[in-house]
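Several structures are given next for inspection.
Across the two complexes that follow, chain A remains constant while its partner is chain B and subsequently chain C.
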Partner chain A sequence: MSSFTKRLKRELDSLTTTQLSASLFILIFFLIVPLFYMVIRAFFHNGRLSSYYFQALLSDPNFVTYPPNLNFAYMSRTSLGTFLFVGNRGPDFGVLFNSLFVAITVTVFSILLGVTAAFIMARYEFLGKIFFRVVLLIPMLATPFVNAFVIGKVLGQNGLFNYVFHDILRLLPFKVQISGLPAVILIQTISFFPIVYLNALSSFISIDPSMEEQAETLGARGFKVFRSVTLPLALPGIAAGAAIVFIISLEDLGAPIGLSGAFGSGLHQKLISFYIYSEFIGGLGSVEQVHASTYALAVIMLAIAVAVFLSIKKYVTLRQYAMISKGGRFNPRIRKLGPLGLIAVYLFLLGLVITASFPQIGVVVLAMSDWAYNGLPVPTAFTPQFMSELVSEPDVLRSIMNSLTYSSMATILMLVVGVSAAYVIARRKIPGKDALDSLVTVPIAVPGIILAVGYLLFFATFFSGTPFDPFLNPGFLLIFTYTVRRIPFTARSVFAGLQQTHESLEEAALNLGANRWRTFATIAIPLIAANVIGGGLLSFVYSMNEVSTSITLSSLKPEQGPITFYMSQVIYSSGAVGTVSVAAALGVLLMSIQLVVMTVSNYLLKQRVAFLGV
Partner chain B sequence: MCEGLVVKLLRRKGVSRGAIFAAVVVIVIIFAAALLMGGRRRPSKPTTQAQGITLRVITRHGYDILDVAKKEFLASDLAKEYHIVNVEWLSVDPGEWIDIIKASANKPGKEIDVAWGGGPTLFNLLADKGYLAPMTSQKVLLASKDIPDKLAGAMMKRFDSQGRPVWVAAAISSFGFTINKKYLQKAGLPVPGRWIDLANETYAKTLPIPSIGTADAMYSTSNTRMFEIILQDYGWEKGWEILTLIGANARIYDKSGLVRDAVIRGDIGAGTTIDFYGYTAQLENPQVCRYLVPKDGSIVNGDPIALLKTSKHQEAAQAFIAWVLSPEGQKIWLNPKVNRMPANPKVFETPEGKKRSDLKAAYEHTLSLISIEFSDALASSYEFSLIQFYHWTIYVPHDKLQQAWEALAKAKLEGKISEQKFEELIDMLANPTKLQFKDPRTGEIKTFTQSYAQSINSLLFNNVDFRKKITDEWYKAAVKRYEEALKILGS
Partner chain C sequence: MVRVRLENVVKRFGEVTAVSGVSLDINHGEFFTVLGPSGCGKTTLLRIIAGLEHPDEGKIYFDDLDVTELPPYKRGTGMVFQNYALWPHMSVFDNIAYGLRVMKLPGDEVKRRVRKILELVKLVGMENRYPTQLSGGQQQRVALARALVIEPRILLLDEPLSNLDARLRIEMRTEIKRIQKELELTTIYVTHDQEEAMVMSDRLAVMNAGRIMQVGTPSEVYRRPKNLFVATFLGRCNILKGKVIGRHNDLVDVVVNGLKLRGVLTGKPLNEGDKAFCIIRPESFSVREGENLFRGTVEWISFAGSYTQILLKISDGRVITANVSSNFRAETGSEIKLYASSEDVLILHPEEEAMAYSKEL
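Entry: the complex of A and B
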């Protein structure tokens, strides 16, 4: 006990105390306390501590399917033609293992795509690189609510994919119909691989070139250098991205909701995240209607996220990645490509960008043409009608301003809290720092709807009449839901940067008489600037995309609603003519703003930070 | 003074100036944000007559209707007479209505005055739970006198024990199919004319690609209504057989709007929709889409408006309700983007109403097609049972149901099995009174008869644990019989 307090005392200098208290304050007050209700509901049955609800879940036949159904694909001739059906009758392992299967597969694919793309962008020079820098980020942009319609138009039996590859190019002798888990994996991979890409890119860029040069001096060439030097040195960044992709895939609702919208019920709904969501949506009148096993399931999902995150972390921290000097704009290892290499790079990048951006491209087409209602696989006429409808609508501007305000304030908070927490975790030996590390990482695994309900119950009851009252100021609370839900992007990225930077650089400053504050501000922060900015940008973009808490809290005061709330209002409005296209037009606006913010910050920061990943 | 003391204390404890500075920065950021937000929109003080009244309305209507309604109402004489200067819309998900109404009641100035739109199921729930106040204002009674109490059995008004209205229909709808003519033609499928047609094996020809669409009862109140019509039209057993086979033929979506979207996109040939979805689809693409009212039964459904007990402006709130029900207010439904049928037919006599002769024709056509005597009391006596049973035996195990039905229907279409065997297997797949499960209260083996469904109806809503257990049983039993049928067909 005394050694514990002694250690604590030694580690808690003023910088650490401040950083620790700032992060703990935000996380406890805005994440843990509002979630208390969920935990209580999950663990208490009839007023007593009990595992009743966990048992209820495990006895749910829907939950674990044994033996699993492994029927991935089959061919069938129908009166509409010959089809290859992928995923509609399997695989199915039950809700629990389906989620794990999807999350693992999506993580693996995202690593493959993200690392390859990041390596190309970090190490090769080719025409159009700046273009790819921007378009590789497009798949991250938000297309909530509209993506179901786009998925139907593209992947449906008469959709664009079958039209191009079967009807026109005749490359396929059959049509393809993809649904179920494979479809979830497809949609999630194309929207989440940029997370790995961005994290890997900042890692590749920070690698000290002399490391690779030494390997080459010693005779290693090509792939061997990559496998034995480059990749291991970049591992912290890749692992950070992978951990986030795993957790975000576990919690994701965009893909299952989009696929249900396009194809109706199916195995794409047999996922933990969707199960929780449908319990809340299916109830009538009150959250009392939600069975407590739903909260137990949320606890299970959190536990999986923590377990996977900690094991990835344990694996990664077994080694040393820190480098004394860092790569950067002074001596970048960038090569030109031969003609064959150039062709391969263009094929890979173009294929990736076009495939991965189909939801975003589809939204733009929906917003500007007759694609939504002409009943054909391709648009036939351009129309400015839907975009121009936005101009006449004063609420559009207001909701955009709201989104920008909340997201940028949340980003500032995330930077303060995320950098603080990551610095404490990477540099101090505080007991229990693994818990803090999990705390800044797993919030993505908390279902948004549960957090929203938690906020409603907690802040409306205990902060009635204050600026924290959701009935008075839902917008203000949204800043904090965005902060806690999106902080992992910042925290993980910063942590990866610190792992790659040798502590001796800071120790040198301390030896020369700088205090901890000065060392932190003038040595540590500049060295990890790329990671701070990359993480901050991811957090910002994903804040603009946030749906669950935005919808629930804003409904209490619509004029404080962000743009995602406004989109939900448009798309669910009484089935008026052209609804999908108007919502798509809003989506175009949202994506444009996100792109502008990314490009401007890239431009502004490029002068100071070498080869920013954006 | 006080702050200085705190700083001194902290300094003495070994906290550096820098640490205190950083802590202050974090706190300042939070409170600057608080002030900015709070300052921009100060909590509104309880409205008084002098300042004018702000009405708060919880609603399921879309922004396009609400924008128009707010503008028109605030400009009306009624709004001026009652000093109403603003209407705030709360677009809340049905799953949270009661929570939000309850929580708002404890916030002075934030109480909700009116509930508008969301279907009779939701409003009956509000009435049963005691959230609705009787409407006593002469203005409401006058405005609603042209709206009948019942239309072909379906409630247009609900009264309390003293005969005072607690909700009144503000709009009406019928139910039917939206079809995609091109799809049906290409797939060689007939145009459905009756509900029972959708259950026919002909539509299984294209499986595993479904050619028709419907929506889950749990998420779509309009489809729940359609299912209730079918059950009353054909009786419990035959009715469930039709529901199950429609489900087996169909793609089942989780929002009614998605059914319409799928028809417009050409993913399916026919979908069950509420009338205004059908009419707008028809307007959007007249060459391809059409709305049809089934010949074997359609009713009109009232979409209510009601006064909430929590309202602190009962008179002003009723003025708004009276306006919505008056011919003036009913004009909002005639907007060519909305195309809803008004509850008050007097609106067709206004100049704007005369311009929508198409909607008037549709209105009269709908009324002329009402062919069944619908009992609201019967429908609500088993409504929650219906919703849960549909969800857990048709929607959730849908992949299994569809696979079994595809095998069965194709065997029949290809002449591989006799008519009798076909009927036998349908009975096995779809007869609710042959689905055996354990009642979680008693452990007895039960089947899903109408009287059993009625006996557990309120329990399903009020006892969440019971609901979870019995729906697990239903799901297991349903999967079992779909797999058995498939096995028989395979051998």
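Entry: the complex of A and C
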């Protein structure tokens, strides 16, 4: 015992104590406690421990529809012509299973598209490859709601799709309208597949070519090599990307809200995330008005996300192959394609990039033309009006200022916490370090909307009337949701930097008489400066683009809303003509900031896929 | 100038015991080397002295001060790391000045002392370079200067020459030795290179599997190894197994497959009838008539410049290696006689067999 306390005393110098308590405080107080309180509330009914709310939820046909409606598509004549309606009436499994259905389908499609694209980019040489490499990153540019709105507009009854393929090219004998869950799946797939793509790409590139060559010398060829060597080696990276896609699909609000802007209400709203969102925007005056089923629903969603995250994490750590090849750098295996293969590759890539980057292009067009309100499938006139409203419209300007304030504060806070946690994890041998390590990773598995529910419940119950009251200061709380949600990525970026820096560099300073604070400030920090700045910039962009907590908590006090909240309001309530175009202009602003930051941080971190942070 | 004393130091990393019960006394101004194969715990021992690792058991004293609980930055040691650990974001001047600035010395004083130390390590004019712009040998000198400039109480060197090429290594070891003598610094040097250890050290400790196998001057350790590990680690050996048949003060008679040998007992005492190891280094053989006759046929003979190497097949079929004067000539297959002085035949207790590093020739 005494040797244990002595060891504690020795290891917990003032730097370590400060870093440890700062990171633990933020993570426990702003993550664990609110979620824990939410779980407790969900299991209490009339002051007693009970599964009442869960039973009520599962027996409600709105949440679990049985038998499910599987009417995927049907033909119908309307005043505008003969239509094939896809997703309008079904599939519908009820709120709970709709969310699962969407998340699983989006994950599967993202894996198929992402892995195929990554394999082509990693292993084949063809004309225009650099073009595709850049263009494949366009879908990563975040334009929440507006991208979905664009897709909705294109796929609508009077949309561009029908205009081109039915009216002009006459390829389709009837018009098509895609809405409901298929539309959500389409939008989420084209927005999220790049996550799998980038993970798979970096996995394929880091496979030592001699592994594949060895298989070939043993007689394996073509697909056999891919299936037996390449894919298994890349699988941990692909699985990690897929898990993230699953979780962000589960919590996504961009697609349902954007489609609501394009189509009004419909099956695309019958999702857990949207259900919880509608609780917030229904005009809450106090925490008592939140229906207890919301907690239960939030707990179910949290449980699904955490279960998926933990199983994938276990799988990935189990299969962390040490792929260190003997000797120095190697040239990845790159092959030329035959004429047939070349045609297939071009068709696949062109189809993919055109579809996937369409929303981003559409957002730019929306922002700079009359497309949003001319009632036609195509834009007819250029106008600078909406871009200029970014600086002239007081509401818009306020949302921009709010976003900048929250995001800068959050960036500072998450750098402090991220650097502290990463430094303790990388450098100190204190008991409980593993717990901190897991605690830092947990936020990946926590859907933002669940965090918002937890905050609302916890802070409104215990901190009413204080600066932490979500009804008084939702903006202040957003600083903490951004921080907590982004910490895994910030900490990992710093941790990677520390791993590349030999510990003896710090030991040399300690040896020369510098205490731990001085060593940290003069040796460790300058050596990982690129990672810290790069990580900070990306975290800033993340905060600017954050959707789920921004649009829920802000709805408790709209004047504190950030950019994404303003956009969601405009799209969701798309009443006044032209306002969608302002949301698009805000989308252009967000994309521009993201582009600048991606360029700067890629330069800093000298790593093409760095901005993903996954 | 400080005396360093280690008392029964133990360090475990999980299941592995890196240092198990090491006690050492290192004198004022002494150049003391810890020699051992990689993974023997010698670097851990050095890091414990620097305060970078904390021992699980035992005490460390600098003179009479118990420093076991003292953090590294309060110990006043100057350490040169194996990879030099030069800060890439600082110039040579800033690297060297770091420790002085930590001491809050005035700017002039810092400049003066950095200049002085640069002269000592022969790096004047390199102040504004960055570590990546220096050659390996220059980096090594900067690391040394950085450790020396703070006027440390103890200089700790962790295989500082292992990253240099052979010629530079020899040059630098003379340099380090010169500076150490000039400053009369208590120096602890860690290496796996036995030649380096012998050339540089006043005394050395041979370490294996976390334990000190023997401490002594280079010639003591080389000529009177206390066990088989020390004998084999410090040079090539012919190892013959035999039985004690008689004792005469320090000298012991052993019979090895009918071959009668007389040698010195260097390890634990032996009694008549005990099993024993006879260790003879190749260079201990001579063609000049003397004690301990080895008769055999030449299996292989090769000229190695400063000596001639013979592989001699002796009566029991065993082959021994002998390095004799380079002007000796013999035909392969011919019968020759070799002799070894009883001073050079080392008799060791067989219990060391288990610990043998096993470099049987």
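Keep in mind that, in the parts below, the second predicted complex is superposed on the first by the 357 of 614 C-alpha atoms of A that agree within 3 Å, B and C clash if a C-alpha of one lies under 4 Å from a C-alpha of the other, contacts with A are read in each partner's own complex, and residues count from 1 in each chain.
Throughout what follows, a residue touches a chain if its C-beta (ideal position, glycine included) is under 8 Å from a C-beta of that chain, and two chains touch if they have at least 3 such contacts.
Being a predicted model, the structure only gives us computed values, none of them experimental.
Enquirer: Touching A:L527, do we find chain B (first), chain C (second), both, or neither?
Expert: second
Enquirer: After the superposition on A, what does A:R10 contact: first (chain B), second (chain C), both or neither?
Expert: second
Enquirer: Could you look at A:N158 and tell me whether it touches chain B, chain C, both or neither (first, second, both, neither)?
Expert: After superposition on chain A, A:N158 lies in contact with chain B alone.
Enquirer: Based on the superposed arrangement, let me know which partner A:T552 touches: chain B (first), chain C (second), both, or neither?
Expert: In the superposition, A:T552 contacts chain B only.
Enquirer: Between chain B and chain C, which one contacts more residues of chain A in the superposed model?
Expert: B
Enquirer: With the two structures laid over each other on chain A, which partner does A:G513 touch: chain B (first), chain C (second), both, or neither?
Expert: Once the two structures are laid over each other on A, A:G513 reaches chain C alone.
Enquirer: Taking the superposition as given, does A:H502 touch the first partner, chain B, the second, chain C, both, or neither?
Expert: Second partner only, chain C.
Enquirer: Between chain B (first) and chain C (second), which does A:G266 come into contact with in this model arrangement: first, second, both, or neither?
Expert: In the superposition, A:G266 touches chain B alone.
Enquirer: Mind sorting out which residues of chain A both chain B and chain C touch, each in its own complex?
Expert: Chain A residues touching both partners: 13, 515.
Enquirer: State the interface residues of chain A toward chain C in the complex, per the touch definition above.
Expert: My answer: residues 6-7, 10, 13, 502, 504-505, 507-516, 518-519, 522-523, 526-527.
Enquirer: Report the residues of chain A in contact with chain B in the complex, numbered from low to high.
Expert: 13-15, 17-19, 21-22, 25, 56, 59-62, 76, 78-80, 83, 85, 88-89, 92, 148-149, 152-153, 156-158, 177, 260-267, 278, 280-293, 372-376, 395, 409, 412-413, 416, 456, 460, 464-465, 467-469, 471-473, 475-476, 479, 515, 517, 551-552, 555-560, 566, 569-580
Enquirer: Spell out the part of chain C that touches chain A in their complex, as residue ranges.
Expert: Going by the criterion above, the answer is residues 50-52, 54, 69, 71-79, 81-83, 85-89, 98-99, 102-103, 146-147, 150.
Enquirer: Flag every residue of chain B that touches chain A in the complex, lowest number first.
Expert: Residues 14-16, 18-19, 22-23, 25-26, 29-30, 33-35, 37-38, 41, 43, 61-65, 88-100, 103-104, 106-107, 110, 121-122, 125-126, 129, 180, 182, 186-188, 205-210, 213, 216, 218-219, 250-255, 257-258, 260-262, 264-267, 274, 276-277, 280, 283-285, 288, 336-338, 340, 391, 395-396, 398-399, 403, 461, 464-465, 467-469, 472, 475-476, 479.
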